[in-house]
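Two complexes come next, and they have one chain in common, chain A, joined by chain B in the first and chain C in the second.
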Partner chain A sequence: MAAQMAATKVPEVRDITRIERIGAHSHIRGLGLDDALEPRQVSQGMVGQLASRRAAGLILEMIKDGHIAGRAILIAGQPGTGKTAIAMGIAQSLGQDTPFTAMAGSEIFSLEMSKTEALSQAFRKAIGVRIKEETEIIEGEVVEIQIDRPATGTGAKVGKLTLKTTEMETIYDLGSKMIESLSKERVQAGDVITIDKATGKITKLGRSFTRARDYDAMGAQTVFVQCPEGELQKRKEVVHTVSLHEIDVINSRTQGFLALFSGDTGEIKSEVREQINAKVSEWREEGKAEIIPGVLFIDEVHMLDIECFSFLNRALESDLSPVLIMATNRGITRIRGTNYQSPHGIPIDMLDRLLIIATSPYTEKETRQILKIRCEEEDVELSEEAHTVLTRIGLETSLRYAIQLISTAGLVCRKRRGTEVQVEDIKRVYSLFLDESRSSQYMKEYQDSFLFNEAQGTQMETS
Partner chain B sequence: MEDESQRILKYLTEVEEAAEDVLSDKQQIVDLDVKRNRNREALNALRDDSQQSEDKVKVCFGNMFIKLPKATTKQMIQKDQEQLDKEISDLRKRLKARVNHLNHLQGRPDLVGYNLSPLTSDEIKAINNLLRR
Partner chain C sequence: MAEEYDLKTDELIVRKWRKKSTLGAPGQWSIEVGDPSTMDTLEPHLMKESSSNPVLMRKDTKTSFQWRVRNLPYPKDVYSISVEPVERCCIIRTTNKKYYKKFPVPDLDRCQLPLENSAITFSHANNTLIISYQKPKEILTLEKDLLTELKRMKGTSDGDVDCKTQ
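And now, the complex of A and B:
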């Protein structure tokens, strides 16, 4: 049955030319600051927004030094002014070791999990714990293995193992356990092996280069390594970084460690969290662990309701708290879940704790440059006039709309077998796809023929 | 100009010295490990069953062999071994500080998590699921 399935499946394999999906902010590689934290006009995919990038750079330095934890930052600005871009820039420049968790405000609304549970999981994902593992190992190249079998055929085997590094050579006496595991790993002369001193576990690293000519016919999977240097008995230290959430998941009994892979972790009991917190702070006191406060980025933060904000207020006070970066494009609007108006849709007591970075609309020159960067990112060649036309479109409608037109115009251009996108291509896609203002214009003109048409003048319900 | 070159020379000497310290410590660890392994081989030889009847063994001191009782020899080597283990771990500790010093002089960032004390094997076992992803 399975063979049959496999046989019928074969023709489905098509040769697909490599299509890379390109995200809206895939061109951003950092904040584009120099060593003195001065922003460069165009760098690492960032254009303009000098003041806000400088501010973000300052915060970034403080995060890297670990000076600020439990602080919150709000990036506020009109739509399409690069809020998410700045957050992405921060994430990119933080490096591998600092945890960065990004989520959208609406992600917390789920049937399986309460809002506060989703938030606390996000918080704990953004806190890293650095721990060290130390093992004593014996690492060397096998010069000779000699195993003596007793003449009677039964009884304990004994043997000798000669190991060497570039500096030294020594003989180990082998017991029957060791001989068993050596033959299980099929260790032979010329292999480079490590022996864990505590557990006696043998790991084959590969074959020594000096023995490469022993056999001509060698499998492709044979790995050749250099003969180890230095002492035979080494101490290996490995530093790991894990997030608090991962430790939580492992320790929440009902789920078991498999939960981490299935992606559905469900709710974690607060007792488990408390135990983990206690253990981690115990480790910290003993010098066994370092806490790395990472960054939690919540986009569209106005989607959170009043309960979430009060939870955030409380969570930021905790000593295990990451740096919270939020972004919103709302002005004075209703706080979700209440009837009160507040700036950015965030309660005043929360706003009071925030450092606010403002972004401003891009100028014509900056828009032009961003479009150029996006063209490179999407592999579309743009003629000079087309670029000018696109910049005008970007200024008059929106930057996002102009960016959308790049790839569509690129497709139209390829259809007519052109190499460079011309003004005609832009015009064609401009007439094919409506921007927001033309679309609403159309609605106004033909509203009578649409279904469920309501009276004019009602504002969009935003919260 | 003169000052500048003097300063650079002084800085380079400092870096070289630090590097030399690191290298010599490394070499010393290797030398001590050679000794440790030789002692281990000797202890194994003393345990050898075939010569159990004799109660004295020949021990080489410098360029002369001295016959000593087995028990005394064993004790002596074991003491030496303990001393060596201690010395090696001390050297390793010092090596860490020296590598950090060298990195510092060269303007490189310190290695992360370098001065953490290790978790016990029980604790490592508990979070092994995480580490071996």
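And now, the complex of A and C:
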């Protein structure tokens, strides 16, 4: 029976994992380092970039320790050399409990919020507070579940659940959502369960001893537990992690905590923030809460202007600030909001505070490897020659362009009922879609025949 | 905290509390005295106790704290009420294991008075179990003082109170 159970469970698991779509970095599962923080050549979706991955591994250790606040790291390199991939790798290896907030530099420019407000919200989203809260749970042994389906087949189901402890018994009326999760958990009479009263989450603790029979067929993992004592409703302490930003929104009087769901949080007064900071440090001293500094990742950081950088300078000095990781693909360029030139478009005083990790262009072997990983991720089979051709394309144009060709070539191949992508398919899509350099070439040749070009050179005299 | 009194008999009808959660979000009202069924705000898709279950509510009289448990059809000899001075609560037990309830007496907790086994009595009629706890002297004087204080306040006439808007 256990084997049969296992066999029926497999499709469920697949259903859950296949919901995710394939994004540009969905093949990244970590930084690909071993226990000594030495990078493996190909691991967890990462290829090459050994020096920068090792550096990122050190940063990761620092973040995990959680003692150092307000460090900033800059990942700099040419386009398509894996800067975002490294940041994603860090996020993946941090795990569930450490907050990781990712944003693009241009996100802070909004009409509803000042730039510094957007930045400080991002900062506070990246700081977690682990705190104990009391919740009400219902814990008891299931005596009976009765679910009535409407005779017509449509409409809401209604049901009754009888739970007992050693001392008492209570009947509950069930709503449709509850019936659904009870049947999903396969709760039956004789199970001992807990139900979180606020969220309705059901946890199976095991089967009751009183229901144990000698000849019952049981799975190996069946646990027997005593029937709970006392009252059905209990108060229980649970630990969970919230971000400072969430606490801010809950306490900002103008909005109310419902704003968290609508995303419309507006500006939060600095007095509220100060109060929260004081409260949190009080909790920490009393041992009620624990602060988990997380990571704020700002991509395309050259999009920030001089005001943002001076704000960042100041914000990084607070002991409640997360580790800041920035990425840019610019060389020496103008700092936004000024006429000064600076490396990466970041002012020198800011650069002085940064640990800079450089990424270098991929070699042919690495490009080949990455394309292989992407093919697996996108479920496309590539013949050996097509792979070589694609690698050449990747080296001569860009890695991103080559990756784009994988799925399109896969489609061409599927249309001609082939199973493996051949060189012809690659050629076909290569001729259909221009890469960046061919496109600029085309522009230069045919510039004159595009719209609004006829007027050039013959400017009207207006003065 | 909010309290409602009957203007004619000066009896306490409702006393309810609203506390903030640890994170600062406003919580639900919790009813100390009065009918809790008026506060039913649970989400309809989840679960709630069936209306045929026993319901405990507190309804004080002048001289005693009183709790009523409705929907208890069993005969009187099934019930036993005990006082736990250490845990500071009273416990209702049933020999047929159908109902069990631990409840505190917050008024005594606030005055830090001891709970006494001799003060408690109970009766059963019309599917309802009535538990009375004789109010100690300290509480009686305190409530009398409070009432004279309340009488001195000027009540508003009927209708909504004129609230200042921002």
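Note that the second predicted complex is superposed on the first by the 325 of 463 C-alpha atoms of A that agree within 3 Å, B and C clash if a C-alpha of one lies under 4 Å from a C-alpha of the other, contacts with A are read in each partner's own complex, and residues count from 1 in each chain.
Note that a residue touches a chain if its C-beta (ideal position, glycine included) is under 8 Å from a C-beta of that chain, and two chains touch if they have at least 3 such contacts.
Keep in mind it's a predicted model, so treat the numbers as computed, not measured.
Contacts of A:Ile247 after superposition: both chain B and chain C are touched. Using the contact criterion defined above for the overlaid structures, shared-chain residue A:Met178 touches chain C, although it does not reach chain B. In the superposition on chain A, A:Gly230 contacts both chain B and chain C. In the superposed pair of complexes, A:Gly287 makes contact with chain B only, with no contact to chain C.
Applying the stated contact rule after C-alpha superposition, one finds that A:Arg130 touches chain B and leaves chain C untouched.
Judged by the touch definition given at the top, the superposed model places A:Ile332 against neither chain B nor chain C.
Legend: residue contacts after superposition of the two complexes on their common chain; A:Leu161 is shown touching chain C, with no touch to chain B. Legend: residue contacts after superposition of the two complexes on their common chain; A:Ile195 is shown touching chain C, with no touch to chain B. Within chain A, the residues touching chain B in one complex and chain C in the other are 131-134, 167-168, 170-171, 173, 230-231, 242, 246-247, 250, 257, 288. Touching chain A in their complex are the following residues of chain C: 21-25, 43-53, 93-94, 97-102.
Contacts from chain A toward chain C in the complex involve residues 131-134, 160-161, 164-178, 195, 197, 200, 230-231, 242, 246-247, 250-251, 257, 279, 288. Those residues of chain A that touch chain B in the shared complex are 97, 130-134, 167-168, 170-171, 173, 198, 230-233, 235, 237, 239-240, 242, 246-247, 250, 257, 260, 283, 286-290. Touching chain A in their complex are the following residues of chain B: 26, 29-30, 32-34, 36-38, 40-41, 44, 92, 112-119, 121, 123-124, 126-127, 129-131.
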